[in-house]
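The following pair of complexes shares a single chain, chain A, combined with chain B in the former and chain C in the latter.
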Partner chain A sequence: MKHRTFFWFFLPTGLAMLVFIAFPIVSVLMQSVFLPHEAVLIETENCGPFGCKVETAIDQEATNKLREAAPLGRFAGLEIYKDRGHLAFSEVGEAWRTTDSLGAFFSELGDLPFYRAMAFTLTYTFVCTPLLIALGFAVAVGVNSLNQRLKGLVIFFSLLPMIVTPLVGSLILFWMIDSRGVLGNFISYLANDPSLSLKASTPLMWISLIIYGIWSSAPFAFVVFYAGLQTVPQDTLESAQIDGATRWQRIRYVVIPHLMPLVTFVALIQLMDNFRVFEPIVGFNAEAHATSLSWIIFNDLSGETQQLSAAATTSVLTILGVAVLLSPVLVRTWRDFKGGH
Partner chain B sequence: MKHFKTALMSGVAVAAFATAAMADGHGCKVTDGRVSIIGNEFPAIQTVGAGAQACAGDNVTVESNLTADHQKINLAGMQGNPAEYTTAIIANSSIVALMNNDVIRPLDDLIAKHGGDLQKTQIITINGKAMAVAFMANAQHLVYRADLLKEAGLEVPTSYEDMLSAAKMLREKGLSENPVGGAYKAGWNLAQEFNNMFLGYGGQHFKDGSAEPMVNSEAGVKALEMMKSLSEYMNPDFLTHDSNVTNGEFRAGNVALMNMWGSRAATMTDADGVPQEVIDGFAIAGPMTVGGGSVPATTLWWDGWTVAKNISDADAEATFLAMMNGINPDRILSDDETAKQAVWLLEGYEPTPSAEGVFAAAQSGAIPYPMLPYMGLMHTALGAELTDFMQGKESAEQALGDVEAAYRAAAKENGFLQ
Partner chain C sequence: MSSISQRRPLGLQIFLAAFIVIWLICAAFPFLWTLWGSFKVELDFFSVNDWTDALTGDRTKATHGSAFTAAGYKGAWIQEEFWRNVINTFVVCLFVVTTSLTIGTLGGYALSRSGYKYVFWLLIIALMFRALPQITLVSGYLPVFFDWNIWGFLPTAIIVLVAINQPFTLWMLHSFFESIPKDLDESAKVDGCTQFQAFRHVIIPVMWPGVITTGLFSFLLAYNDFVVTALVLQESNRTMIPAIAAFLGTTQTEGNVMFAVAAVVSATAPLFVMVLFFQRQIVSGLTAGAVKG
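Entry: the complex of A and B
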């Protein structure tokens, strides 16, 4: 394609990406290096139904003057990135110096919000993704060999977990695993422990969240692989059959290699989706056991005092995390590009 | 590109909008203007909202958005010019965020002009300026199952120590497996239960006149230890139970003793399917003390409304009048159903039996929830950092040290600490 043609072809997309992706990221970056002004506090006498009390309030006039002088706030540089709520450099250094075993060091690390969130997020991402790909693939192969009449119905039911809104889906599961719910009761019967509660135990809560993650995302892998299965060359399959290959051998040596590019695609999308896990944590009320970067952003913004700079910083860290997850494919694309020229 | 957008995501609240269709201006003095209400959702506030909506007419639009997520959207909805919401229904904790960001206006002139019916105690003044009009009081206090206590031969607990021994007895006698209920859900609820207990032990959140935290103290440790002891008698899922779920547990007959909001006490046994013994056995008492303290382990609250700063004076007047109609004592107090919904701070209010707990709290010298600009940050830090202790993963001192560290980082970011 000529450069000129390419320019006009790409312009609308480019503009949309600039407005909807680049500008917001720039805005978040800006917000993450600026802090609100120092609050000018005054003593006030506040009265109400329970009498009068001397309390503190913000002096609006003085604070407004500060705001007018520097509308962006105080420049903080990377200060917020380094504080306890985020990368916590000094706390991590302190933990490294004062602990004598790796186990103790990681337990100290687990006390810091960012690392606690990363521990769950990475476990969730790297356990869910391969399992949901395997499950999606198994369902796709299964459905593909079904009788034509049954297919439509089975496909519909296999897609249901993806159709259900994540928050609603996780709420339903949350009620089911309640100690008085269908699943919770059954599990405590199996374990022969009437006081067993999935919601009170961190490992069981993590397992429930991961099972939910696999359940809700497997249909995506299924749809992609099912579409891919329609393009497997029949000639190759038939010749493999004539050569005496078993069904498993055909899948292993013909189907899987053919679908490999799709596996990469699904893996990437799901790595990124799982990295920003949020809805199940809210739906399962799991914040005592598991948090994620997205949940931290939500929590910073939903308190009585909104912490915009803290939320912006976590957003930038999320973008960086996604970039790291994406890097293998970015490197490969760059190589292909170089090779092509 | 789907993944990038989430990085910028913030909480999106699902809000139910209701526009008044009724043009029944009964007793309402509004002739024209725009009124838009944002507020929490419980029966008493719905009554106030409905009263304001009755002002809708040919030249008056009244919209009301009552949702449990009101705090996530009220500030953003009042910062624009003109503000989307002309009034926010808030409490003594949440008015602080609106004050901090200077989005509400002083009401002195409007009160002088139209506020003749208000009682002096209803007017919330901050630094001499009227900033809100309160309409109800609230506090957490004991609600219990009189039938179960009687069966076990127990007195009504007046302290948390009594509550513990009563719980032990109820469990031993097989009357209730998990007799204690509590809104201990990680986050806001857990932090609030800590505040109650901490103030009951004589604790103070901040050094006098400064934003320096003081929760890692003897009172803090004792408060946490008491909460831990109570949690042994709760449903093991207590860290996921907010006040709604705790109410459900009580209604289902699973709970015999709990500290619950006065605003929910009146309607406690009104739901469908509540067993008869729960309805008959339900009783209300005052808040409990702890550690031999004289101040009860609870906080006093008021709910009231404000008027946005960034709206025209005409809309502000319309809003004020519509909200005055919302809290019209004649309308609210003449109907038994609405009269019992809350402890109304309105002229002519006679306490109903369900108001007993809140009245006891106010009379026994309970402390109002602190109206400090940095209290919200402390509340958030408490809600996030106390869960490890409640699960037995760390000591009380460690958990409170984490609270102070988390609070300090947030307070520095927001310019309250150097």
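Entry: the complex of A and C
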């Protein structure tokens, strides 16, 4: 295809991505180094029959002039990055100097919003991803052994947790694990503790959120692995069997190596998706126990006063996090690409 | 699995069957339970005394005279005007899917038919865009939308969702068009067609399976979105999912959780029907990217 033809074909989608994905990234970067202008205040003395009062008022004209002169706001450099709501350099340094053990240092860190969110986001990402891959693989092996008629039915029900809206799915689970819900009742019966409430305990809330994450993403891993299982070379399986490999050895040395590229693919997609965890925290009403980077941004953006600069700074830090997560894949793709040419 | 030597021993067979049954219960039970419970009153669905209340519906009988009541649905759909949100959702989904497919098809086709190096880079950039959490982009939109006075309206949300959808659509359609033989449109071009005519008369008639599969995923993205619609739409233009989130804030204090339960079941129903009819396409769509590499 000629460059010109390609250009015209690609223009609409390219333009959409340029305007609504690439520009916003630049805009977020800019916002994170500029603070909005403070309103110019003027003090006027108002003298009436009951004495004089000093009143402060916003000088609209001067404020507008300031805004027009520098529409981006006043340049703050990395100031916002260093404040308490983000990387909190001075607080971290303080904690490092005053605490005497690593445990105490980390618990100090846990009080800073950014590090608190980072801790949950990373735990969620790196606990959910391997577990959901394992569960998805187990279900795929199980379903593969069923007869043809049952398969369709099982696949239908297995797809539901993944297809359903994340907020809706997390609400459905949350209502069940409520202390008055069916699962909550069952758990407190098992623990023999009628007052047990998942909502009141941070570790239990983290576990519930992680279980939700596995529940909602395992179907994706299952479907991908199930499709992969259909393409396992039967000849290799048979020759392994003739050579005396047991059932487990055949799975370990034939099936799993065959599925390895798919495991990488699922892990990549799930790392990206789990890193943006947000809806379950809203659905589980869990912000007192667990916050994520996405949740902080949402919280800054919604509400009465929108803290655009704070949200933009967290966004930049999140984008950096995604870049670090993706970097092994990008480096590998780049090597493959260079090798191919 | 036909040969006798590959047949599984009975013990393993039972173990696998039991495992699948447990998985099915985990996957399906929450939905059935919530569907059943949505026709009860709150004191039955959230029962302090005895969980079997939710099955028998004792308090529902006491309040409404029957074990099932549509009070939750009535409250959500009529009193809280959930139907407005439903209409908004379907307007958003319709326009997102059609726009996204139109421009995505052109782009994906071009990517699959051009052999130059920049195709690789465009696909890598699209992958990076796909990896960005959508909410990081929203903080970039808001000041501009406020300045231009376009915040709060459905078309704004539609355009944003279309753009956010493009990276995924491009990847999927690119790999789909790769599977359509290049000879088809090459021969049309030899016969004197321009590239666009070749696309129009030769490719469009055979592209529908891939386009429908991609469309399903675009629909899901628009339907399931919470982040963009919650922050970009004003209250009167809300779609279903932010409306449900708003229910939680207002109704829990008034003791009307059942409105939210009914709304959640209503929002799940269309997805249920979609999986029922398009299971094959969804499965093939999920695996297309993976199996082809």
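To be clear about the criterion, the second predicted complex is superposed on the first by the 297 of 341 C-alpha atoms of A that agree within 3 Å, B and C clash if a C-alpha of one lies under 4 Å from a C-alpha of the other, contacts with A are read in each partner's own complex, and residues count from 1 in each chain.
Simple rule for what comes next: contacts are C-beta pairs under 8 Å (C-beta built on N, C-alpha and C of every residue); 3 or more make two chains touch, one makes a residue touch a chain.
From a predicted model like this one, the values you see are computed outputs, not experimental measurements.
Enquirer: Who does A:W215 touch here: chain B (first), chain C (second), both, or neither?
Expert: second
Enquirer: Quick one: classify A:T318 as touching chain B (first), chain C (second), both or neither.
Expert: Both partners.
Enquirer: Chain B or chain C: which reaches more residues on chain A?
Expert: Looking at chain B versus chain C, the one contacting more residues of chain A is C.
Enquirer: Mind working out whether A:D178 is in touch with chain B, chain C, both or neither, as first, second, both or neither?
Expert: The answer is both, since A:D178 touches chain B and chain C.
Enquirer: Where does A:M17 make contact in the superposed view: on chain B (first), on chain C (second), on both, or on neither?
Expert: Touch status of A:M17: both partners.
Enquirer: Examine A:V28 and indicate which partner it touches, taking first as chain B and second as chain C; both and neither are also allowed.
Expert: Both partners.
Enquirer: Using the touch definition from the top, say if A:S145 reaches chain B (first), chain C (second), both or neither.
Expert: So A:S145 only meets chain C here.
Enquirer: Going by the contact rule set out at the top, does A:I42 touch chain B (first), chain C (second), both, or neither?
Expert: Only chain B; A:I42 stays clear of chain C.
Enquirer: If we overlay the two complexes on their shared chain A, which of chain B and chain C does A:T305 touch? Say first, second, both or neither.
Expert: A:T305: touches chain B, not chain C.
Enquirer: Could you say whether A:I58 touches chain B, chain C, both of them, or neither, answering first, second, both or neither?
Expert: In the superposed model, A:I58 contacts chain B only, not chain C.
Enquirer: Go through chain A and flag every residue that touches chain B in one model and chain C in the other.
Expert: After superposing on chain A, chain A residues 17, 20-21, 24-25, 28, 178, 272, 275-276, 278, 285, 294, 297-298, 301-302, 306, 311, 315-316, 318-319, 322 contact both chain B and chain C.
Enquirer: Where on chain A is chain B touching in the complex?
Expert: Residues 17, 20-21, 24-25, 28, 35-39, 41-50, 53, 55-58, 60, 63-64, 74, 80, 83-85, 91, 111, 113, 178-179, 195, 197, 199-200, 202, 272-273, 275-276, 278, 284-289, 294, 297-299, 301-307, 309-311, 315-316, 318-319, 322 of chain A touch chain B in their complex.
Enquirer: Once bound in the complex, which stretches of chain B touch chain A?
Expert: Touching chain A: residues 1, 3-11, 71-72, 75, 92-94, 96-97, 99-100, 102, 121-128, 134, 137, 185-187, 209, 211, 235-240, 300, 302, 345, 362, 368, 370-377, 379-380, 384, 387-388, 390-391, 394, 398, 402, 405-406, 408-410, 412-416, 418 of chain B.
Enquirer: Which of the residues in chain A end up touching chain C in this complex?
Expert: 1-3, 5-6, 9-10, 12-14, 16-17, 19-28, 31, 138-139, 141-143, 145-146, 152, 154-161, 163-168, 171-173, 175-176, 178, 180-182, 185-186, 215, 219-220, 223-224, 227-228, 231, 237, 241, 247, 261-262, 265-266, 272, 275-276, 278-279, 282, 285, 293-294, 297-298, 300-302, 306, 308, 311-312, 315-316, 318-319, 322, 325-326, 330, 333, 337, 341
Enquirer: Give every residue of chain C touching chain A within the complex, in rising order.
Expert: Within the complex, chain C contacts chain A at residues 1, 5-6, 8, 12-13, 16-17, 19-20, 23-24, 26-28, 30-31, 33-34, 37, 45-48, 51, 54, 102-104, 106-107, 109-111, 113-117, 120, 122, 124, 126, 128-144, 159-160, 162-164, 166-167, 169-170, 195-196, 220, 223-224, 226-227, 230-231, 241, 244-245, 248, 257, 260-261, 264, 267-268, 271-272, 274-276, 279, 282-283, 286-287, 289-291, 293.
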